[in-house]
Structures are given as structure tokens and as C-alpha cells.
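Next come two complexes built around chain A: one with chain B, the other with chain C.
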Partner chain A sequence: MSDFFFQLHPVIQGLIKGLAVIAVIFPIAGICSMAERKVSAWIQGRPGPNRAIPFWFAWVPVLGPFLQRLGIFHVMADGGKMLFKEDSLPGHVNKFYFILAPIVAMMPALTTVTAVPFGAYFDPAGRTIPLGLAPVDVGLLAVFAVSSLGVYSLILAGWASNSKYPFLGGVRASAQLISYELSLTLSVIPVFLWINAPGTEGTMSLARAVEFQSQPGFLGGTWFIFLMPVSALVFLISLFAETNRLPFDMAEGEADLVGGFHTEYGAFKWGLFFVAEYSHMLIGSGIFTLLFLGGWNPLPWLSLGQFAALLHVAHLPLAVGVLSIVIFLGKVLAMIFFFMWVRWTVPRFRYDQVMKLGWQKLLPLAIANLLFYAIAIAVIQK
Partner chain B sequence: MDAHPYAFLALFAAIAVAFPVILLSVAQLWFRFFQPAKPSADKGAAYECGVTPTGDSWIQFKAHYYLYAILFLIFDVELLFLLPFAVAFTGLSAGALATMLVFIFLLAEGLVWAWHRGHLEWK
Partner chain C sequence: MAQFLFNLFAAFTLVCALGVVVNKNAVNAAMCLLLALVGVAGLFVALNAYLLAFLLLLVYAGAVVALFLFIIMLLDTKGEQRPGLKHASLVARLFAAALVGAGLLSFFARSRLPEPALGPASAAVGAELKLYAYQLFTTYLLPVQVIGFLLLAAMLGVIVISKKLDAAEDAP
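== the complex of A and B ==
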């Protein structure tokens, strides 16, 4: 089976992988939307969505009511509604850019997935082979470069809508995104200062970051969140801002901008923005997991290799691969739960507070952090 | 057989663009044949909380956004030079390290200048 796959033309292989990613990202985004409603209900002490059920499924004895209470069918109802409701094109919009904006939103959201490794297995020689779509050497740099294109979709949507609230939302959101991008990039540099130890090739690869957190010994097995807590904190806060999540919900800002940049959108075009936002969250959580939470290592000081040996599956590449993907996805989903938890716990910032936090607190903190680690690592290694 | 890794990135970008385009056009076909659009003056109006839109939609907004954009541009270009520094860090001599520290100092100094001039204050 796998031989057959690798004999195909690379372009066809790529197409299959691409469709696989879309087939994974879209349901996860849908499930995240349901989880978001359920988690918010849970935090606010109400039942949440628990009504929708297709009549033919109501006859299934135990499973039917259980899935109904879980709200699974609301996702399908929402998806169906998104596809089939009238896709009205308001008369006042700039049609070309109005349609282009959601497509531009999807582009970075789906492309960045390629550079994120999501698991690993061991080949017979005992080396770790990361599982990823494109083994890009510059890993993180590619992710940053492509994901920063996402700002164009916001500003295009806001501008093309030719309406007051979307325009303000788009301008605000783009200023916010570019402000926090600086802290985001600065906060990961100490990690790569640490990784690029003497005797190793210089790299920006995310898989190498995980490898560094799965070495034997106390310092080798330490996750970077313990080694560089300030970096992790700055990265996390910037991630919230970059994904437009509350408390940095300036792009949408329901309270003062109605729906922000996507006020004039509806039906499937709105759905594309929505999926793009969730896949940004997924990828951001994935990068945070890889850089600071040990990637596919189950616990600090317990690497994937040791864990697989404990379970007596270290010699089975398939089992180790599945195990690593499960651990990695588990951490990513835990991060997404954290996103939702914060959303329903912390109140929104005002715009001036957002800018103040980004430029006057996080950016100096990130620069000081970088200086500290640059000097500390230089002193240790000299 | 081994394709260039970036070729895959490019292919994937193409898929990422083609996918929404195809879905949107399929949706358009569906609407054309099964669910014809029913436009109305109210539906096509700009949304302003349900009341009739007033005035021009090209409103004034703060020029301050541009200041942030310019500051971002400066810092972002400088950041780009820090990444190769991080990759080549341990192979560097003490002199190169000191040069890099001066560079980071210049970065910080730019921030201090903008701060001092009040450009970072949202007014």
C-alpha cells in the first residue's frame, strides 16, 4: 500500500496529501466550534446546544440521546446551513476583492500546515524520523513568513466591504497583527540560540526543537517552557493576539464593531474566514507545543523513545508513529481548550491597552529576554 | 523522485487557493440552478446595526495606524537579521557576538526613541 503511494507522481502525492489535510482540518474546525459552544456553556453553567438530532437517528437507543446532548448534530446543521443559505453579495461592496478576501484567508491557514511536523517514528537504526508534509529546513521561518500573509485577508475584507464597521475592524486588526508579530518572532529566537549548539548544523526546524527536548539527562529532557518561561509567556500572549482570540478580539469586537471585518460576509465566504481562524489556532497551538511543550514527548524527562520502550512498541514504526501523533494532538487540543477557557474567563481589552501591551510591555520584555539568553548561552559555552 | 521540499510548499499553496475557489464556484452553480438569489434593497444595504446607513462609508480613521505600520516595518526588517544570527550563533567569535549585541542595542534604541517621542502611545 505504502509502496504504491510512493510510486505515484510527486504532484499526485502532493494532491493526495493536500486533500488529506483539508479533510482533517475542516472537521477539526467544525468540532472546535462545537467544543467552543460546549465549553462556554460549561463555564457559564448552562447546558449549551443539545437539541438538534435527525429523526432517523433519534431511534438509536443510547447513542442517539448521548450524541444529541453532546451537540454533535448542531455542527452538521451549522455546516449545512453555511453551504445552502443565500450567499448574498451586497450591492455596495467591491466584488472582486470581496470574494478574494476569504480565499486569501484560507491560503496561509492551509499552507502553514505543511511545515509543522506532527509526529515521529524511529527507523531501524534508531534515528528519529519526524512525520510532516514538507520536510522544510527553515520550518518555523516558513510558518512565520506564510502566516503573516493572513493580515492581507483582514485588510482586504475590511476595505472591500465598503462599509464603516468592517473597515474599522480591518484596520484595527491589521495594526494589532503586525504589532504582535514582532514579539512573536523575538520570543522564539532564544529557543533557536539554545538549539544551535556547537557541533550541530544551524537549523530553524521545528522537529529539531522537539529532538532537543527528548534527550537523556535532566537538562536534555527539560521542556523549553521550564527553561525559557519568559519566551513561552510572550509567545503565548502574542499567539492569542495573532489568532484574534479574546482577550485580543479587536478584529471582530462584537461590542463596538458588530462583527468587525466580516460583518458584510455570510454563508460560505464567512465559513472560510471561520475555518481559517480555527486552523490558525490549531497551527499556533501546534507550534507552541513543539517549541515549548516537548512536542510528541509524553512528559518532561520522559521522551517518546523511553515511553515506547515502556510499552514494548519501540521496534514498531507504525505504533510509535500513531502514539506520537496521539500525544501531539492531545497536547494541541489541550491548548485549544486553554484558548477557550481564556476566552470565557478574561474580559476584552480596549484598543489602547492592546497597543500598549504589545509595544510597551511585550516588545521590551522580548528584547530583554533575547539579550539575557544570548549572553547567558555565550557565557556557558565559552 | 525526491521533489524539492519547497516545491511541495508551492503545490500546497496552489491547493489552498484552488480549494476555496472550487467550493465557491460550486456553491455559485448551486445557487444559480436551485436557489436563485432574491436580492432586495434592504439586503444589499451596508449593515449598521439595522438602521438605515448614514453618510459616506469612507470614514476618517486615525493616521496613527500608519505610524505603527512604519515602526513595524523597521523592526521586522531588523528581526530578519536576528534569525540567521540565531542559527549561526555558536559558530560566532566573540567579536561577532559583540557586533550582534550592538545591533540588538540599536534595535532597542529605536524602540526607546519611538517611545520617548510618544509614538507608542495610542492617543
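== the complex of A and C ==
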């Protein structure tokens, strides 16, 4: 089976791998929308969606009602609704950009996945081989560069809709995303200053960051969230702003802008924006996990290698690979839960507060943090 | 394959760049500029300067063009009839065309790089983080500092112009 796969043309191999990852991301993004409703319901003390069920599944004794109360079938009903709704095109829009915007939203969201490693295994020589679509050496830079193109979907959607609420949403989005990109980029520099120790090849690889957090010893096994808490905090806040999540949902602003940039959208075009937002969250959480939460290491000071040795599977590449992916996905989903938790707990900011936080608090904090770590790392690694 | 990709991206960049100049709708022009930048990034990748390609995407495609669009949307420019040529602008255009022509001429006349020796190609400066940073802090230190200072001056100028000095609520 695996021999057959490796005999294929590299382009076809890449295509299959890419489709496989998309086939995982897309449903997770869909399920996240259901999880969002359930989590919000639990936080607000109500049951949430618990009615939809195919009539023949209701005959299954215990499992049927259980899944019904969990809202599993509601996801499918939602997805079906999105597909079969009439896809209307308002008369006053710029048609080309109106249709282009949801496509532009999906492209960076799915392209960034290529540069994110999501697991690892050990080859017979004992080296760690990261699992990912494209092991690009510029790693994080590629993710930042491509995901920064996502802002165009919001701007274009807002502009092409040719009405006031989407326009305001688009203008807000462009200002907000550019403002927080600065602190986002500055906050990760200490991490890469630390892992690019003198004498090593310069790299921005995310897998390298995880490798650095799985070294033996107390300092080597410390996750970067403990080593650089301020960096992690600034990164996390900027991530919320970059993914347009509450308390930073200025681009959508249900309270004051109806739906913001996607007010004029419906059916599957709206669904694409939705999936793109969750894909951005997934990838952002993935980056946070890789940089600050030890990637595929199960616990601080317990690396994947030690864990696999404990389970006596270290010599099986497949088992270690699956184990690492499960650990990584678990952490990412925990981060997603954190996103939802914050959304339904923290009240949203006003727009001037968002700008003030970004430029007057977060950016100076990120610069001070960078200076502190630059000096500290220079002293330690001398 | 690499040669084909280089030609493809070069043609793509040129067509998009032409679109920037020709388009009357400002949003279309900005989107063409974005595509042209992506094309240039593709050229960098074809030349093995991966780092430069992603830096270009991050800074110019990701932020600068987004700001252009932001301004275009705020000013809400429509594709209006252009006013007729004034004398001054005509002279300026001729001067600019002459400058570009002189630049191209000197490029074609002078820029004969020695044929690179075949064999293991030396890494491009824009390919590796370390090499790039080293060049930035040694060979190109002065230009980088000068440009940084220029940007600082421009930024201060914007603050001075946009700040209403007599407004009471702006006083610290």
C-alpha cells in the first residue's frame, strides 16, 4: 500500500496529501461551528441545538437520543441548508469582486496549511522527521506572508457589496488587521532569536521550534509559554484580532454593523467566509501550539520520544506519527475551545479601544519584550 | 521547468503591471498591483530567493497594497474623466519618460555581468536568513539606515501636518 503511494509522481503525491489535509480541515471547521453553538449554550446555561435527527436514527435506542442531544445532526442540517439555499446575487453589487471575495477568503486559509507541520516520527537513525505538506525552511514567514493576504477578502467583500454596513466592516477590517500584524510578527521574534543559537543555520522553521522544546533537561524541555510568557500573551491577543474573533469582531460587528463585510452575502458564499474564519483559527491555534505549547510533545518536560518509549511504540514510525498528530490536534482543539470560551465571556471592544490597545499598549509591549529577550539571549548564549 | 516558470511569471508580472497603469478604476488598478507583486514574488522563487519572495509578499502584498485599497475606499474614487494635460505635467511626463529611457539604455549598454561559472551555484543572498541578515548589517547598513531615517522624517511630517495644534482637546 505505502509502496504504491511512493511510486506515484511527486506532483500526484503532493496533490493527494493536500486533498487529505483539506478533507480534515474542512469538516473540523464545520464541526467547530456546531461546537461554537454548544459551548455558547453551556456557558449561558441553556441546552443549545438538540432537536435535529433523521427519523430512522431515532429508532436506535441509546445512541440516537444521545447524538440528538449533542447536536451532531444539526451540523449536517446546517451544511445541507448552506448548499441548497438559493444563492442570490444582489443587483447593486460589483459582481466580479463580489464573487471573488469568498474565494479569496478560502485560498490563504487553505494555502497556509502547507507550511504548518502537524506531527513527527523518528527514522531508524533516531532523528525527528516532521510531518507536513511542504517542509519550507522559511516556515513561519510563509504562513504570515500568505495569511496576510486574507485581508483582501474582507476589503473586497466590503467594497464590492456597495452598501454602507459592509463598507464600514471592510474599512475597519483593513485597519485592524494591519495594525495587529505588527505586534503579531514582533511577538514571535524572541522565539526565533532563542532557537537560532550561535553556530546554527538560520531558520524560521516551525518544526525546529518544537524540536527546541523537546530537548532533555529542565531548560530544554520547558515550553516557550513558560520561557516567554509576554510573547505568548501578545501573540495570543494579536491572533484574536487577526482572526476577527470576539472581542475583536470589528469587521463583522453583529451589534452595530448587522453582519459587517458579509451583510450582503448568503448561502454558500457566506458559508465560505465562515469556514475561512474557522480555518484561520485552526491554523493560528496550530502556530500557537507549535511555538509556545510544545507542538506534539504531550507534556512539558515529557517529549514525544520519551512518551513513545513509555508506550513501547518508539520503533514504529506509523504509531509515533499517529500519536503525534493526535496530541497536536488535541492541543489545537483545546485552543479552539479557548477561543470560544473567550468569545462568550469577554465583552467586545469599541473600535477606538481596539486601535488604542493595538498601537498604544500591545506594540510597545511587544517591542519592549523583544529588546529584553534580545539582550537576555545575547547574554545567555554568548 | 525553472526557465519556463521564470518566463511565465515574468509575462504575468508585465501584464499585471500594464493593468495597473491602464486601468481607470482605482480598485482594479490596486488589485493588478497586488497580482504584479505576487508575480515578482514568483520570480524570486524561480531565482531561489525564497526569503525575499516571502518578505515581498508579507510587506508589500500583505500590508502596503491593503493600505492603498483602504485609502481608495475612503476617498471613494470613481473612474472619472481625467483633466486635460497641463504644461507643467506634460513637461514632467516627458522628463520622467526620458529618465526611464536613459535608465533602460544604460542598463542595456553597461550591465554585462560576467557569465556565472557552471557547477554548484552559490546561494543567492535572498535565499538564506543568515546570509541575508549578514548582508543587511554589513554591506547595506548605510542605505538601510538612511531609508529608515527618511521614513521617520516622513512619519513625523505626517504627524505635524495632521495634528491640529490649536485644538484644546489635543493638548497633552
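Rule of thumb we're sticking to: the second predicted complex is superposed on the first by the 382 of 382 C-alpha atoms of A that agree within 3 Å, B and C clash if a C-alpha of one lies under 4 Å from a C-alpha of the other, contacts with A are read in each partner's own complex, and residues count from 1 in each chain.
Everything below uses one rule, namely that a contact is a pair of C-beta atoms (placed from the backbone, for glycine too) under 8 Å apart; a residue touches a chain by one contact, two chains touch by 3 or more.
Bear in mind the structure is a predicted one, so any value in this text is a computation, not a measurement.
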Check: For A:G202, is the partner it touches chain B (first), chain C (second), both, or none of the two (neither)?
Finding: both
Next item on the list: Mind working out whether A:I103 is in touch with chain B, chain C, both or neither, as first, second, both or neither?
Entry: first
Notebook entry, point to check: On chain A, which partner touches more residues: chain B or chain C?
Noted result: B
Next item on the list: Would you check which partner chain A:K81 touches, where first means chain B only, second means chain C only, and both and neither mean what they say?
Entry: neither
Checklist line | First, second, both or neither for A:W159, with chain B first and chain C second | finding: second
Note to self: With both complexes superposed on chain A, which partner does A:L133 reach: first (chain B), second (chain C), both or neither?
What the structure shows: first
Note to self: Between chain B and chain C, whom does A:L141 touch in the aligned arrangement: first, second, both, or neither?
What the structure shows: both
Next item on the list: Once the structures are superposed on A, label A:V151 by its partner contacts, choosing first (chain B), second (chain C), both or neither.
Entry: second
Next item on the list: For A:G170, decide between first (touching chain B), second (touching chain C), both and neither.
Entry: second
Next item on the list: Starting from the residues of chain A touching chain B, keep only those that also touch chain C in the other complex, and list them.
Entry: 136-137, 141-142, 146, 167, 171, 174-175, 178, 181, 196, 202-204
Next item on the list: Quick one: which bits of chain C touch chain A in the complex? Just the residue numbers, please.
Entry: 27, 34, 50-51, 54-55, 57-58, 61-63, 66-67, 69-70, 73-74, 128-131, 133
Next item on the list: Name, in rising order, each residue of chain B that touches chain A in their complex.
Entry: 1, 3, 5-9, 11-13, 15-17, 19-21, 23-24, 27-28, 30-31, 35, 37-39, 43-49, 53, 57, 59, 61, 65, 68-69, 71-72, 75-76, 79, 82-83, 85-91, 94, 97, 100-101, 104, 107-108, 111, 115, 120-122
Next item on the list: Flag every residue of chain A that touches chain C in the complex, lowest number first.
Entry: 97, 136-138, 141-142, 144-146, 148-149, 151-152, 155, 158-159, 167, 170-171, 174-175, 177-178, 181, 196, 201-204
Checklist line | chain A - residues contacting chain B, complex | finding: 6, 10-11, 14-15, 17-19, 21-22, 83-84, 86-88, 90-92, 99, 102-103, 106-111, 113-115, 133-137, 141-142, 146, 161-165, 167-168, 171-172, 174-175, 178-179, 181-182, 185-186, 189, 192-193, 196-198, 202-204, 258, 263-264, 267-269, 272, 351-352, 355-356, 359-360, 363-364, 367, 370-371, 374-375, 377-378, 381-382
